[in-house]
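Multiple structures are listed underneath, in structure tokens.
Same chain, two partners: chain A is paired with chain B first, then with chain C.
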Partner chain A sequence: MSEALGTDETLPALGPGGMPGAAGARAAGPTGPRRSPASRLARRLGDLFLSDYFVLYLTLAYVLVLIPFLPTLSNPANLSNVLSNMWPLLVVAVGQTFVLTIAGIDLSQGAVIGLASVVGGALLAVGGSGAVLENSPLWGTVLTEQGGPLAGVPWGLALGIAAMLLTGALIGFANGFSVAYLNMPPFMVTLVGLIGIGAFAIWLTQSENIRPLPDSFVELGKGDIVSVYLGPQDEPKIPRRQIYSLVTYPAVIAIAIALAAHILLSRTVFGRYVYAIGANRRAAEISGVPVRRVVIAVFTISAVCAAAGSILYSARLEAGRPTLGDGAFLLDVVGAVVIGGTSLFGGKGKILWTVFGVLFFVVLSNTLNLMNLSSFHIDMVKGAVILAAALLDVLRTRLMRERAA
Partner chain B sequence: MSALLAFKGLSKAFFGVPAVADVTLDVAEGEVLGLIGENGAGKSTLMNMVGGVVAPSGGTMAWRGEPYAPADAAAAAARGIAFIHQELNLFLNLSVAENLFVDGFPKKFGLIDRRAIRERAAELLAALDLDVSPDAPVEDLSPGERQLVEIAKALHRDAELIIFDEPTTSLTPRETARLFEVIGRLKAQGKTIIYISHVLGDVARLCDAVAVLRDGRLVDAGPTAVFDIARMIRAMIGRELSGLFPERTARPSDEVALRVAGLGQPGVLENVSLSLRRGEILGLFGLMGSGRTELARVLFGLDPAATGEVELAGTALAGPPRQRIAAGLAFVTEDRRAEGLMMESPIEENLALVSIARFGRAPAALIDADSLAEEARETAQRVRLKAGNIARQPAKSLSGGNQQKVVIGKWLMNGPRVFILDEPTRGVDVGAKFEIYTLADQLAASGGAVLFISSEIEELMGVCDRILVMSRGEIVGGFDTAPFDQSAILAMAFREAA
Partner chain C sequence: MRKTIVAAATLAAATALSSPAFAANICFAFQDLETEFWVAGHQAITSTLEEEGHTVIERNANEDANRQLEQVRDCIAQGVDGIIIIPQDGESAVTIVKEAQENDVPIAVFNRPPSDLSRGIVVVADNATIASQAVDFLAEQALAKAGDGQTLQPLILVGDLGDPNAVGRKEGFYAAIAKHGDRFAKPIEVATEWDAATALANLEAAVTANPKIDLVFTSSDFLFPTIRSVFEPRGMWKPAGEEGHVLMGGLDGDATACQLIKDGYVDATGVQDLYFEADQALEAILKAIEEGEYAPNQVIEDPGFALTSANLGEREKDMWGCVLLADGFLNK
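The block that comes next holds the complex of A and B.
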């Protein structure tokens, strides 16, 4: 029933114009002429469910339902806080989206964040205290009382940032090389990265933070470009805490990265290669897709995004911190991407989905915080939500299949 | 003979579209019934109703004269109905014996009685002349042996009706012969068999009666004695097919398109030399394991070769597939599911895969979506693809023949000079086969060259200008002009002539 017939007439050379198979074609779905209002409603709901914006709608619905119970949720201060939590996570999640789309996974992102943070801190620090860092192998070699080697150097900030991104690029390249040329499973390769590189970063500072960092760097993590004041107009002096950030440096950086990634994935030849490898790696290889190069590029993008996230996180924290991407951080990243709708099995993923997934995840964490739950409870609920997202993905796929049938 | 299974006005519609419509048919006890029809004709749906997988939306079934309406697959199995599917339902990691007993292990003291299993399994295997150990893991068995294990499973469950769905697709000729022998034996034991196949010659040889479905309806049925292959085809496609093969429109030129000299790889290929001319369709016949697919893979750069050289239009081919594709080589692999298509992706994306880089525009290789869509649409027309919206419809929603056209189309879009087709008509119905042959002819006629690899000797004889025969990694001979002598080709493939 769902298959076009093999033939309908004898073969002349080539048919005239018109859509191929107008005769043998059949509608892709139940499109009977008569449909009850109920089935039309069901179809609308189905459309909503399958829409790219589904997770956004879900987030909005979730917020609307909770506002009566958690009035602080709609507080401008809280909203500004939610946004500021969103940007660095988005940058990291964008990188993970590429890897998941080729049916891989990058567990090393957390460790990359930690190591990049230490690298940036050690190079950029504008002072230091031996009391804190005396056991660190960096103390006396790279770091001194006067700070790191780039302190006060012209273009020092740019060099420090470049070094952080380069750290990510090298790790990502090594990951990609191991997967593409040594045929190692991404899970193992990046798990080793997570453990080994994470430990290396901690060893470098003996788990201490490196500070202080220059103001110009800190600005990247929390500097405002546009802020709003919603209080009374006739106040002679506006208290700082009533000014809410609207457009910040991290926001601009994250949106720029997400936009560039969106174009790369959806509009370029490279993006098509990424999807093809995720959909069927063998077929891609035989069709001439440079599979190995693309795999390396994808892992490099993922780790560079992690390093970019590390810049935002380190700047916000005003410190180089080896444990920045520790603990349940990876849960947040992978969870947000998967909730957005990107498939763990590859071939299916969009940056737009990731944006919404990250928004949902950040809002979720925020509401759980506002409910005064402990961090253990928060992680338990997050785990349950990821499970629900996986189930939702199964249901979406099934519905899509039914419609195609 | 009384009817074991009877359909009366049986119908099934999906979303208002009839898949099976008003089928009334008796399956006599002890007969072998051939069920044929093109892909999508309703064979699977009909059998799924018998198997309790889908419920009829109209009509009734009767089993030994009593109403039969299985609630699920288990209910059908309990009545004595067994399926031997194209994709077998065996656990590859378990042993033969464990697979036979997987739905009910004999127990002793609450533990599985391994000895009883092994003994009973050995009996069942012996009854089928299957010479494998009950302890052998199924993954070590050949496709033919696996199928016999599946049949043993059916016998173990005392099945009375055994339904075979395209059972010979992955079998060697020898395994096929053995399967037919086993089916004959099952029939002698009084089992009833429904045999579904695209290989009409087998149906004619094997079956007592034939039933033909088209568009969900039973269009013709009768004893095989009065049912020749021409009548089967007529009934299946609803018209005369003037021949199974299209008229060739091109003559080979003298210009060599692909030259292979002394290609060798220890244990795989031995000193393979051939030359393929422009405008030519060169057939390559060999039994399973003769090295035909291996040769194609080496030519395409997927596998290494220790010695020898390959030249395409005068330039040496080397390196990975990417470089050979750039030189003008195209390869339709035998396994379109695993190596040809992105099943979940839209048809257009599949069509664009090989030539996508051509649509990248500076800066950053942004894809020119409009000209891509335009070319994909033209290609879909050129291969006579029967599909709806190619930008949205996933490849897996197409029938086997149309899927194969997508694979051919994605190469066509790249304008190749030499096509390697490896088993391009496997699992494809008669009408779509004809279209694929026509495409091969068009490729040759438009100045290309085609290396047509197949294990179906009739199709090679029907479409090729020359036929080479491979055996154990070597090209053992060739036949230069039609009409070809089928038995001579086979004898050469078996090395009986040597």
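The block that comes next holds the complex of A and C.
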């Protein structure tokens, strides 16, 4: 945190990230006698620790330490890979950031991804196999051997994507309504969503995948806008594996969503409401914040982001898959957001932090893969890193309080 | 187990891969190792490659198709010479094969084929024929045991139909039953999704609703323990010759199935020749690497056979599960 909220630095106000800024903390701190070099160093380290960019610095340090042992880490193909793995996760994590910031959690994101994938696949498929899908309730009603109802229809792709996003929005609205108006705990509401919606998605296709999907849709998940070749210019034939994706459709989509979310959270009244609810819901209500509406909006945003992530994941795997988002996926999403610095206790979170958290998480997965660790070890390490991030969150909060005191 | 597998795989590989002129970096990406078949296949492939002096980079996707895609991309970024994959399902296999070939990396798909067989080296068992052979035996035994004119009730545990192997096995089952259409009732289908817990729940429900079952075929041998846990409390788990024996068969040819055939609980199992498949996959991918062929497309079929209680004495040693069993696999 380097910014303070507003101009009145005498108030222990929440910054845009939801916590007292380092600058504000400095302003509120002692201004007495000159400090010793050791004290100044400790102060600098403390500033670094509280910086918005702490996780980015950590990622860079981690990469620099590992490069001598894992030279592949820095090769362009690997960097291109890391980025391509980052974009869909970022889209989903952006939505989770909103929910964590109001001190909630959205466990249903994985199930939303699966259901949205099935909806998109069923509507957009350009063919179908009766042998595979004959037991599915979609077969013969929505899907046939000619594909889904939007196959070959003008604007069909846009309609299919809209249907996927609408699926997410409806589920998010239901989650938010249950939390805001029925006063149900977010954990329970979204856990039921995770189980129920996930099962519904699997029932719809009887656990089968829907393909083929149109090329225009697949492009959204893996299409290049700008590719680069870094080899010698006199090469008569450029090997395809030496052409690296630089700007891709998933990158553009993810950056656009992250940017919009950043503006919404940090530059609007709605964003302030989100922080206020996360910091103290009761106080926010008394202050006139429309808590219920904001909670519904936050859960809707989370589920729509999950549906947008589903578009990218379904497109890169070229199928509508009911099991997308299953398994340890939520570990990745929540882990990345928490590593970024968003607090599980609410009131504190930034999209920029989530970007860095996702980057760190993807780099971590990539390096663990390059170390040839088994999937079990990889998940154990990821779990340990998330635990460390939660601990760091506690330490950061304590340090900020000490500085603000 | 390791010694036997290494010996069997190396012996077979020795003919095909007699003296490699190069050491390749091979990425072996598998979806998981939850059954005996995959464990043995994994062991055969890695041991043979390492014995031959090649480097194997292993990637376990833990049954996550997206993770497997990312792992294969990591392998490509690492500059591997070739990829062998056991995919999560036929659809993700198509995507991953395309990804590898677009990056000029030869790829072989082991045992679980892509939905589209036209790309990549695909080593696959003739599931329909193998299943049909096993079920033919079961049907003949069931009819011989039944009275004239009695209608028999068959049941099939169906695999994940996103896996072409499961589709082939189901087709083989129905083809064999159809030969005696007038004597068999409509088969009861139990969905398993290749998951023991799902199979248990669905089989419990099916057997409760239909307590009179005459013939059971499981699309994979790894479900025999599940079947036993449902049948035993109901008095339906009896060896051949005892009153109440249900004719039972499967497909894979694992050590458990071999033991159960010997004990009389299981009557037949379709056998995939695991070592043949592993050797063919290795031979094809190493040949492609050596010849600089980036996108080899070839389908290699394992004809397989059915091991039954009738031919156990003659063909036992041809079944990989019996080889493992003799090595004490089930006691380890």
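As a convention for this text, the second predicted complex is superposed on the first by the 376 of 405 C-alpha atoms of A that agree within 3 Å, B and C clash if a C-alpha of one lies under 4 Å from a C-alpha of the other, contacts with A are read in each partner's own complex, and residues count from 1 in each chain.
The definition used in the following text is that a contact is a pair of C-beta atoms (placed from the backbone, for glycine too) under 8 Å apart; a residue touches a chain by one contact, two chains touch by 3 or more.
Since we're looking at a predicted model, the values are computed, not measured.
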item	value
Partner chain(s) touched by A:S287 [first = chain B, second = chain C, both, neither]	first
Touched partner set for A:T268, first chain B, second chain C, both or neither	first
Chain B versus chain C as contact partner of A:F173, first or second or both or neither	neither
Partner chain in contact with A:Y62 - chain B first, chain C second, else both or neither	neither
Contacts of A:R321 with chain B and chain C, given as first, second, both or neither	second
First (chain B), second (chain C), both or neither touched by A:G347	first
Chain B versus chain C as contact partner of A:F200, first or second or both or neither	neither
Partner chain in contact with A:A276 - chain B first, chain C second, else both or neither	first
Dominant toucher of chain A (residue count), chain B or chain C	B
Chain B versus chain C as contact partner of A:N75, first or second or both or neither	second
Footprint of chain A on chain C - complex, ascending	57-67, 69-71, 73-74, 76-79, 89, 91-92, 94-95, 102-105, 115, 160-162, 167, 191, 193
Interfacial residue positions of chain B with respect to chain A in the complex	13-19, 38-40, 42, 45, 215-216, 237, 239, 241-242, 246, 300, 302, 321-322, 325-326, 331, 333, 338-345, 349, 352-354, 356-357, 359-360, 364-367, 369, 377, 380-382, 384-390, 392-394, 397-399, 401-402, 410, 428-432, 434-435, 438, 442
Touching residues on chain A, where the partner in the complex is chain B	1-11, 13-15, 17, 19-21, 23-30, 32, 263-264, 267-270, 272-273, 275-276, 279-280, 282-290, 347-348, 404-405
In the complex with chain C, residue positions of chain A that touch it	72, 75, 77-78, 80-81, 84-85, 129, 131-132, 135, 206-209, 211, 239-241, 313, 316-319, 321, 323-324, 326-329, 365-366, 369-370, 372, 374-376, 379
